[in-house]
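Structures follow.
Each of the two complexes below includes subunit A, the first together with subunit B, the second together with subunit C.
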Partner chain A sequence: MIHLPVLKAEDRKHEIDPANAPKEDLRDEIFQLEKEGEWIVQRVPEPYMELTTKYGRMKKIPVEKTWHHKSCGQCGHIPGYSSSIFWLNRAFGLDYHDPTDQTSCTAWNYYASATSNPAAQAAVAMRNFAAAYEVGYFPIIHCGTSFGHYKEVRHALVHQPKLRRQVKAIMEKLGKPFVIPEEIVHYSEWVLAMKDRIAERQVIDMSMITATVHPACHYHKLIEEDAIYDKEIYGAQRTAVITGTLQALGINVADYSTWFDCCGFGFRHILVSRDFSRSFSVQRKIEVMIEEANPDITVTHDTGCVTTLDQSQFAGRAHGKKVGLPVMADSQIAALAMGAHPYKVLQLHWHNTDNKAFLEKLGIDHKQKWAEFEAEVSQIKDGKKEYMTWEDAK
Partner chain B sequence: MDALDLSQNKHADVTMEEKQRLFDEAKSDDRWEHVLYGCYECGICVAACPSARFYDFSPRVIAQAVAREDVDLVYTLMNDSIWDCSQCFSCDRCPRQNSPGQIITILREVAVKNGLTTAKKALEGYGRIIYKIMSTGTQVSPDMLQPDAFPDWGTHVGEISDHLEEWRKALPPETLHTTETSWTIDKKTIIELYLIWHMTGVMDLIKGVDEGLFDILVDVMEERLEEAGYEDVTFD
Partner chain C sequence: MASENIIIIGGGPTGLEAARGIADLGYKAILIEKRERLGGNPDEGSYAALTPDLGDAEEAMDKMRNAVLNNPNVEILVNTSVIGAEGELGNFKVKAETNGKAIDIEGGAVILATGFQHFDPGRETQKYGYYEHDDVITLVDAEKMFKAKNFVRPSNGEKPKSVAFIQCVGSRDRQIGNEYCSKVCCGVSSKQSIEVRHYCPDAKIYIFYIDMRMYGYWENEIYWPAQEKHKVNYIKGMATEIIKKGDHLIVKGEDTTLRRPMEVPMDMVILAVGMEPSVGTKEMADVFGVQKNKFGFIETIEGPMNTVSTNVEGVFAAGACTGPADLEDSISAAGAAAMKSIGAVRKLTVTA
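Let's turn to the complex of A and B:
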């Protein structure tokens, strides 16, 4: 008779063991390639914080000396998102660099139209990394798409010597060093790592707020092993970013059944198959969130997700759908909690779905705040000042 | 019994040799061995796929077709199906570690590179983004917020458009006081981007998709390169 061991339910433990991870730790290969003279690895500057990734590897998150790889869609259409990230850095007196020597990652174009190729995409990434290295700052990525794409590029460069050498030759022709950062860091990982410091400086009580979270597909599905997970947050069954930050601010994070679903951005769909994007985001995300969680706000951490979830609700309202849920980024919520101005810093007037009820619930006099912002705009229109500065935004 | 033919015989006018050639081009991509390990049709990718809910689209069918090397069906899918993919990579949850999303990325590149009519059609209306990124170095700019560009976003877009200049100046970050680009970008940086596209053959891809757009971009890029001292770089 064969006796098979019976594993009882109480003996089954979900243990994360980096030594037995199902996916490789690319860092080993990255440092090995540096030893072989293939490239320079830019180290994460000290001091750094550490967060756990999906299979238990610790990821280094720089505190400061960060080179901010900006997002086209954020800076172009929802600039308060970028503005709030910079504001958080400034509020803590951190040294950061906002470069003009930065191109788009070009990933939106790539995923939408395929009018590119791996060599071009990798060369764009390495050019931006070189630009950061040249000024002595460590890249931190603002966009979820850029982040996912650069993880993909890194994987390709490690595993395809022919591609690596082609891109290295291009960098040489451009007179740029061939350098890869030790970690590819998304800003929401930085916000999560800073959550306790943010909470210490919180001046707006958010304990009456219920929020739903939408994680960006390219953050946690693409190269899944390099996303942040935490046993204290969802039992490490879902990515910890955004949720960990909101919980630290006292916000009640409510669940809903389509948490894992894409927002519907689709890359090309948001432009040329718009019925898909607006239908998907309203019917699979917004309506479900409202029906099941009744949140005051939904929070995400990617340009395309904020855009799709926010902008699609107008068409949804025209069709009598249950919409009207304001959308913001985690950096905007964190900045607001610390007292950042809703219009001068968060720039909420660029958002489509009305967020005034949310501000009112927080006890923020949005009419007064809007008047303060308009006073700044008047000065610009009257020629009394050219721009609103960080000093003006206090 | 006849073999199951999901290709629906839709592209009988294209020779099998041509279909095989395109498939072989995809299969010879260096990424292929990292994105396809074989499919056992569990359907987990379909369950996660947003496009599968709204289109007659299945990442499982695509993964199966390429795994079986059914070049006829792959050709049909390259023409009819691949542009429905959202490129979200929800399908990367595949238990066999296939990436139907990346398989589709490769098939799209082959379709664009080979000038398939359906690829050109799928990219109609997308030309303005290609022009934007290739002429400015950023993909999305504030001045794209025009009511006729995003009519289903409502009147809010018109409000932004009316106040664009002053609202952009009312932004604290110094690099964001722009309207034609997402942020202030150095001329030298754009030149480096042009050189990357020149050296990697991206301009040839553009020519295959939209020759009119290619001509416009060449004029812009060659002039800027010449101003920067690169007189020997052309895109012909």
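Let's turn to the complex of A and C:
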């Protein structure tokens, strides 16, 4: 026993006082602008759950009446993210909306220095918010790029009257209401808010699983005051999303030294220097995780991060690197825990890194599951059905 | 009839010096301190040695305390919290609670000497890992270890082979809103690096800095001796993250001289935490209706030629409650506040 006049890290108490938060609570301004007739604020529909943000303020997370904001590039790579979200909503009997009129947020262009002007950027965001408002559903976002971008757009709109006027004029031309959501919510926040309900319905034991977690840069580094933190998770020194969900499912979350680093996607590297992305992802993330934590899986929450961590490992494999770590989103793990089909719902066949050993460890017969999936595909091939339905995915 | 008594709130170095000065001038000082002991941050933080002369902090504070403890012109109220105030220059009535009992204190002028608090590195979350890694400590923790004459790694009790100081933690940081230099940390870190050398003669010692701000004579008193005599390495660069790898900490950041990223393994990291207004400073500003600046420090209103007057006539502020200040600043301001407060009440009584 060492007796020192210095506390051990676990005994040091970090007190969070929302009254002394270093950043403004943008929602105060948003509601004030509504009072002044500047815009409509779309309230988070009830019932909602509340989670604590970085500086101790509460954030409302809608349970249902959610409007599924898609990720243009990433939904194609990891379609199981969205389908797992839909499956979870259906399993709980929740009302959600899968819109067909969402436009790209266009923030992807940031990565290649190809952004348009601020008014156009903000108008695209407000057009999507209006689309959600018009059908009476509340937008939730899983794409980290869109999520970070919308938070920045909201900040700019609150603080720049000229920009508000420009965007309002555009919305009037489009015949759309000028509306801003009360909260900008990420799907991993929804999954975290639902974690106890998910755990109650858990049918796959995951207590033998060790996972590493990668939090997305756009989630917790941009407008960081809006991210969710919990004193019980890393003493509120790291975001609670993903980790809180995995712990509720009984998964052992293991630490690794490069957890704060980017997945490799970069804010532009994936477009302009893809080899760098691959190298970074393999050498700074996957190899470090394997070396330091020897996990069964790594879990993240931005479709871009899932894609980069998963689909960079082939390059490492070609160079004889120590790779082969399955990568999934928190929504996929949550759905799997509740018994979702690994191929029909999680769509794990789209993942590049082999995840069969992971499924075997969970006691899931992946060969049988794959046969079930192929049987569905055969029926589509044979023209017996046009596509798979939610009934087929049960 | 206007009162000539001066109420001083805060029993740290500034409050003690103001009380002593007022008593020496033949006036009565009423010194209010919410802790049970006088001495302020040097006492509460168990400072070992003062900057820049490495003088014994406890001895220095004892000298200050003794100057007021048995002084007939100083009334001392410890365990006393001010909860309200009314009145004006010449006739202030301060409401306070002392040991659970409500009391009223009357005086002609007030000196606020409520000081600062150290920045909580948890506000920067993952950047510094203070709440995650035992071997990441603050300047205040290091002082406590020096005072206990035992400077070792908290994780295993062994002497560190490498120690890094990280400057500007919570200072000069727009991201968290503290856009000011805390003024003392460069000097204190340099002083502490010399103390680390005393306990760890073979250790590698580094100070990572944006730029070193060594005011006045500190340059020759601690900055050059730290490098030339005590072999401390100063590295110009910003630390961006501290992580743990095996038994070591890794300091990640950028060496701006070499223009390249750096990752340096360390046994211990000492965070040079800056100053923020204390809770008492913010509370007393509200109680007396005194203007605060955007950081929460009390604003003095007449620029560099008058560092102690506030927007409320008869209420003066001195020391680190007005912004980052070293001991020299604080003691000097205490003298100025003593003089100004007596001057203000004396004008009333002489006229009357």
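The criterion applied here is as follows: the second predicted complex is superposed on the first by the 374 of 394 C-alpha atoms of A that agree within 3 Å, B and C clash if a C-alpha of one lies under 4 Å from a C-alpha of the other, contacts with A are read in each partner's own complex, and residues count from 1 in each chain.
What we mean here is this: a contact is a pair of C-beta atoms (placed from the backbone, for glycine too) under 8 Å apart; a residue touches a chain by one contact, two chains touch by 3 or more.
Model, not experiment: these values are computed from the prediction.
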item: Touching partner for A:T258 - first (subunit B), second (subunit C), both, neither; value: second
item: First (subunit B), second (subunit C), both or neither touched by A:P5; value: second
item: Touching partner for A:S104 - first (subunit B), second (subunit C), both, neither; value: first
item: Chain touching more of subunit A, residue-wise (subunit B, subunit C); value: B
item: Partner chain in contact with A:P118 - subunit B first, subunit C second, else both or neither; value: first
item: Partner chain in contact with A:K384 - subunit B first, subunit C second, else both or neither; value: neither
item: Which of subunit B and subunit C A:K70 touches, first, second, both or neither; value: first
item: Shared subunit A contacts, counted only where both subunit B and subunit C touch the same residue; value: 224, 260
item: Interfacial residue positions of subunit A with respect to subunit C in the complex; value: 2, 4-9, 12, 14-15, 22-23, 54, 224, 229, 234-238, 257-260, 292
item: Subunit A - residues contacting subunit B, complex; value: 70-77, 79, 82-83, 86-87, 98-104, 106, 108-120, 123-124, 127, 131, 148, 155-156, 159-160, 162-163, 170, 173-174, 176, 217-218, 221-222, 224, 260-262, 264-269, 271-274, 276, 278-280, 284, 311, 314-315, 344-345, 347, 349-350, 352, 373, 376-377, 380-381, 386-390, 392-393
item: Complex contact set, residues of subunit C against subunit A; value: 46, 120, 122-123, 125-126, 129-134, 136-137, 141, 144-145, 147-148, 150, 152, 154, 156-157, 176-178, 241, 243-245, 250
item: Subunit B residues touching subunit A - in the complex, by the definition given at the top; value: 30-31, 34, 48, 50-51, 53-55, 83-84, 86-90, 92-93, 105, 108-109, 111-112, 119, 122-126, 129-130, 133, 137-142, 144-145, 150, 152-154, 156, 160, 163, 166-177, 182-186, 188-190, 192-193, 195-197, 199-202, 205-206, 209
